[in-house]
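Sharing a structure here in structure tokens format.
The letters A, B, C and D name the chains in turn, as written, and every chain counts its residues from 1.
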Amino acid sequence: MTSLMTEPAAGRFGDFGGRFVPESLVPACAAVAAAFGEAWADKDFRDELDSLLAVYAGRPTPLTPAGNLSARLGISLWLKREDLAHTGSHKINNVLGQGLLARRMGRTRLIAETGAGQHGVATATAAALLGLSATIYMGSRDIERQRLNVHRMEMLGATVVPVTSGSRTLKDATNEAMRAWVADTDQAHFLLGSVGGPHPYPWMVREFQRVIGTEARRQAGFTPDVVVACVGGGSNAAGTFAGFVDTTARLIGVEAAGGAAMSNGAPGVVHGTRSMVLQDSEGQIAEAESIAAGLDYPGIGPEHAHLGAIGRAEYRTVTDDEVIEAVGRLARSEGIICALETAHAVAWVLKAAGTADLPANSTVVLTLSGRGDKDMHTLIGDKA
Amino acid sequence: MTTTLLRRDRKALVPYLTGGITADWTDYLHALEAAGADAIEIGLPFSDPMLDGATIQQASDRALARGATVASILADLARVTVGVPLVVMTYANLVFRAGPAAFCARLAEAGVSGLIVSDLPVDELAEVERAAADAGLALILLVAPVTSDERLAEIVRRASGYLYAISVMGTTGERDTLADSAAPLAARIKAVSDLPVLLGFGISGPAQAAAAGAVADGAVVGAAVMRRILDGATPDELAVDIARLRAALD
Amino acid sequence: MTSLMTEPAAGRFGDFGGRFVPESLVPACAAVAAAFGEAWADKDFRDELDSLLAVYAGRPTPLTPAGNLSARLGISLWLKREDLAHTGSHKINNVLGQGLLARRMGRTRLIAETGAGQHGVATATAAALLGLSATIYMGSRDIERQRLNVHRMEMLGATVVPVTSGSRTLKDATNEAMRAWVADTDQAHFLLGSVGGPHPYPWMVREFQRVIGTEARRQAGFTPDVVVACVGGGSNAAGTFAGFVDTTARLIGVEAAGGAAMSNGAPGVVHGTRSMVLQDSEGQIAEAESIAAGLDYPGIGPEHAHLGAIGRAEYRTVTDDEVIEAVGRLARSEGIICALETAHAVAWVLKAAGTADLPANSTVVLTLSGRGDKDMHTLIGDKA
Amino acid sequence: MTTTLLRRDRKALVPYLTGGITADWTDYLHALEAAGADAIEIGLPFSDPMLDGATIQQASDRALARGATVASILADLARVTVGVPLVVMTYANLVFRAGPAAFCARLAEAGVSGLIVSDLPVDELAEVERAAADAGLALILLVAPVTSDERLAEIVRRASGYLYAISVMGTTGERDTLADSAAPLAARIKAVSDLPVLLGFGISGPAQAAAAGAVADGAVVGAAVMRRILDGATPDELAVDIARLRAALD
């Protein structure tokens, strides 16, 4: 079992991964890979990051037993509380890592794409903390859905650039961020928010998110039957799975039915990596359609494609309706309002509990990737 | 491979045209040829053209919205005869989705002579390289101002047709002047390769074309062409612009 | 120095405190006092609360060095991060305590008042977690200002009752919550959100918030020159001060200029306690006026009145404009968007740093009582 | 002290009137007296009347909005002569703001005979108790259904004028029937006190007044009176209602 444990040779995870970028970006990607490799082996860098994660971001986040829901579902459910991390999701783990790396590389500016806005807020936060400037690309459709986060980014001093091309969501914001990077590789670090993109991003972001799984495993103190996380690009899932890949735990990633690259996609190349992608028969990328802006993405990180191909992880889908129901159910039974993205993992547990997919008495660790404040707006609109 | 697609007796002018941009888009091919193009790059539109600026994005979107597909564009090409080499420029996903071998074979059948894949650096090239060679397609590779000498050597070793020098760090799109990075880049490439070296990205008018011609073997003109077409220029109107560029290069 | 350390005899803090409620409520208050006294002496209760605070609410919250701001201000500033606690403010500490107490007393329903909505959200959260129902009274003016929190409470299953009397803010919501309690003392626990109200609330809430100060002192490892917190009712300040009252640290509470009971009030009786109150010459309670809904209150907890009277704590005011400026400055320099309430403490530090009130090189611990998501809406409106 | 403010030869009817509710609000006093009131409670409006329901809150707000103050209401009272005892009902902050001694003295000067402070339980009473005694004011205390025997004994020991039994756990306001808690409460109080025991809170019509009279020494009627006044009833119109309550009690 080398996946999720090591640096991928030449950026490959089995048939997936790689670095499919224009020649103009190859040196920049290579520089990031080299710098990350060095930094990750440097105790001082690790110590500085660990210290920021602890005193600034609030790690370790707790592992909360979901007592009421467990009793009702006949399972034993534990929640890894990334919603309590600073800025409200797991995205902070990655941005602090990449932010420190960017500073170490002498970069003065961060460029990022964002869907739900959580990664954008996290990036703007890291920029403020580390004295860098930040430009955040965000689809105009997502800007409408996630206004609160736009305001937060601006308050933090970042520039938010609306992207009006294509589906006006995360996919298009990612294109635009990469275009912006090509034009400024000297000054700017492209701070990708998930485990997609060209090598070294899938590896690097997984490593920065590994802390989720490492903590959860230590906190649980037992090997759960099932480890489950929602999957957009797949960073919270990758970080969680990394902590459990060498155990007997089943690893389950839950996608949005309308953005299910693993379940409904085919191998393809988008945003610099080869992975599973929603696309048509000629290779045009499909537009995802999910109530959760952070999962509204037609691709997935290449390591997930590999884990799925070799059968080490399994991928499931849930619908928008199941997700809305799940947010309410978790809120009313545990007093935790999770993000719509996270609610995909919750919805799968609600649906699967007691079936062959998640038998009674199973022990389950679920990564609660973020809080739902940003989504109240969407949920209320939806109710009305 | 040092086979070139271009004549060596004059500075080359290679316009770029998004395939399927209008119903009778192939009329532009004839006009471009007549106005003095030495080869024509035909963009197979991709939904997510990461290396392209606003103009070519818009052209791609329009072609796709019209219903243009790889199949329809190649079928259109197969129906026309153009006297200069045709080079397809596209993104990796369209190539891999069909499978590189099948994709290259279909290009060759449609009369295409060369292939450029914007997001396929040498490191990821092997499979497409074999397929292009098998299909007899020249494989044009991009070189950027940031490309190291080591990478340049590798690119030069594996490219054919011509070398496409990205004159500026950025996406495609019109710019006011030829970037400062263009001349040194062209010189670096010419020093290590016998293939024609064309400057592209941002060349939009005669002055820039002339400047490109002065330091390289010619110019690729993309966004400037597509801007005119998006603005409604007929093939004849476009030919006037191309002729001006031709003159600037000669 | 017995204030902030012990149970107040007969609910008195010097000349302040007491239990000024209608006879109908006296037995209910007495029952709460007795139950709290017992519970607080019961190791099992303390252990259960501590465990919830840790695995559910995310305690301890970090003490974050505000490096950039410190450098610019020429002081050494530390932030006690209650914004990272579950639900986004210190209010969770108190509601978990009182929620457990209510359950121990056999109550099935929680009644609470809320201003900014943070206490309402926290109460709704505790209710969901502990299987109780919740009715939250909120001024209709605050409902408009803090819509996000209204949606959160509803999502958590609570009933939010708009209060349209008086100034339609926290003061009036408190009246209405107390009225609701009179009618249901058997089933309902009145879960007051700050250190005001009749005995035992000022004492009990201070004890439940003491964890802030205890943690901060341990985390700091040194005695700061100044400990500062914003003051609405005064619970985050009381909890913070409690950890430092027996040190040499100066204790500074910062009020809204438009709701400055300590600075502009006179002794009076409101909401069951005798304290400093904004009022006219005949004793009609004045309407406070602050951009921060949680500080828009004409009174203050009685222990603060006492601490002020004996000179152990000092109270300062800042204006709405200073507060708005402070939110932005903290966001851009440290990557932390704080609540408008919290920003009062920040604004005082910004203003006082380098003056005689806060000399250069001072070490300062500031309680960051909550996060600003709920206020983005107000701040943006304000900008436009 | 067992001094009573009320005659013992009939069931007492004590209406409540928010001071300053209209410009000539004292006209209501005469009408109430004429219609058979045995005493009148005069509410000094407070901005935050925690024990009051919607009707009396509204009345307080209206009086304050009109500009009524403690001073103006007492001045109005000083100008009229009413043949039954007047009792001021208010909240602690108005008493403490003036200072209990000054406050009670001003009441006495204005011809007031008694004082009720809604949010001043026996535990907090001492200072006001002394002041009321010094000013010769009866100090009417409230008893609730939840009051323990021990507290009741203490209340009874310290009250004067009459005892005000809160018939139901809740705020002031009209209710459909006399609460179940009313009769046992009245009985408990009467068992330990010689003072008249009046039921209040929620008594709005003749039937409830009669029911109160059956188990206690009379009734306080507040919200029902203020509802009529808020709805625009003139003193004469109000007198008709009061007369009906009088009849129900007799």
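Assume a contact is a pair of C-beta atoms (placed from the backbone, for glycine too) under 8 Å apart; a residue touches a chain by one contact, two chains touch by 3 or more.
Heads up on the chains, UniProt names are A, C = Tryptophan synthase beta chain; B, D = Tryptophan synthase alpha chain.
Model, not experiment: these values are computed from the prediction.
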Geometric centre distance via CA averages, subunit D-subunit C, whole Å: 36
Could you work out how far the Cα centre of subunit B sits from that of subunit D, in whole Å? 95
Roughly how many whole angstrom separate the Cα centroids of subunit B and subunit C? 66
Answer with line, ring, star, complete or other to describe the graph linking chains that touch. line
Which chains touch? The pairs are A-B, A-C, C-D
Subunit B residues touching subunit A in their complex are 46-51, 53, 57, 61, 64, 69-71, 91-98, 118-124, 141-148, 151, 155, 166, 169-171
Give the list of subunit A residues in touch with subunit C in this complex. 54-58, 61-65, 68, 81, 83-86, 88, 124-129, 131, 148, 151-152, 155-157, 327-328, 331-337, 372-374, 376-377, 379-380
Subunit D-facing residues of subunit C, complex: 10, 18-24, 26-28, 165-166, 171-172, 175, 178-179, 182-185, 266-272, 274, 277, 279, 281-285
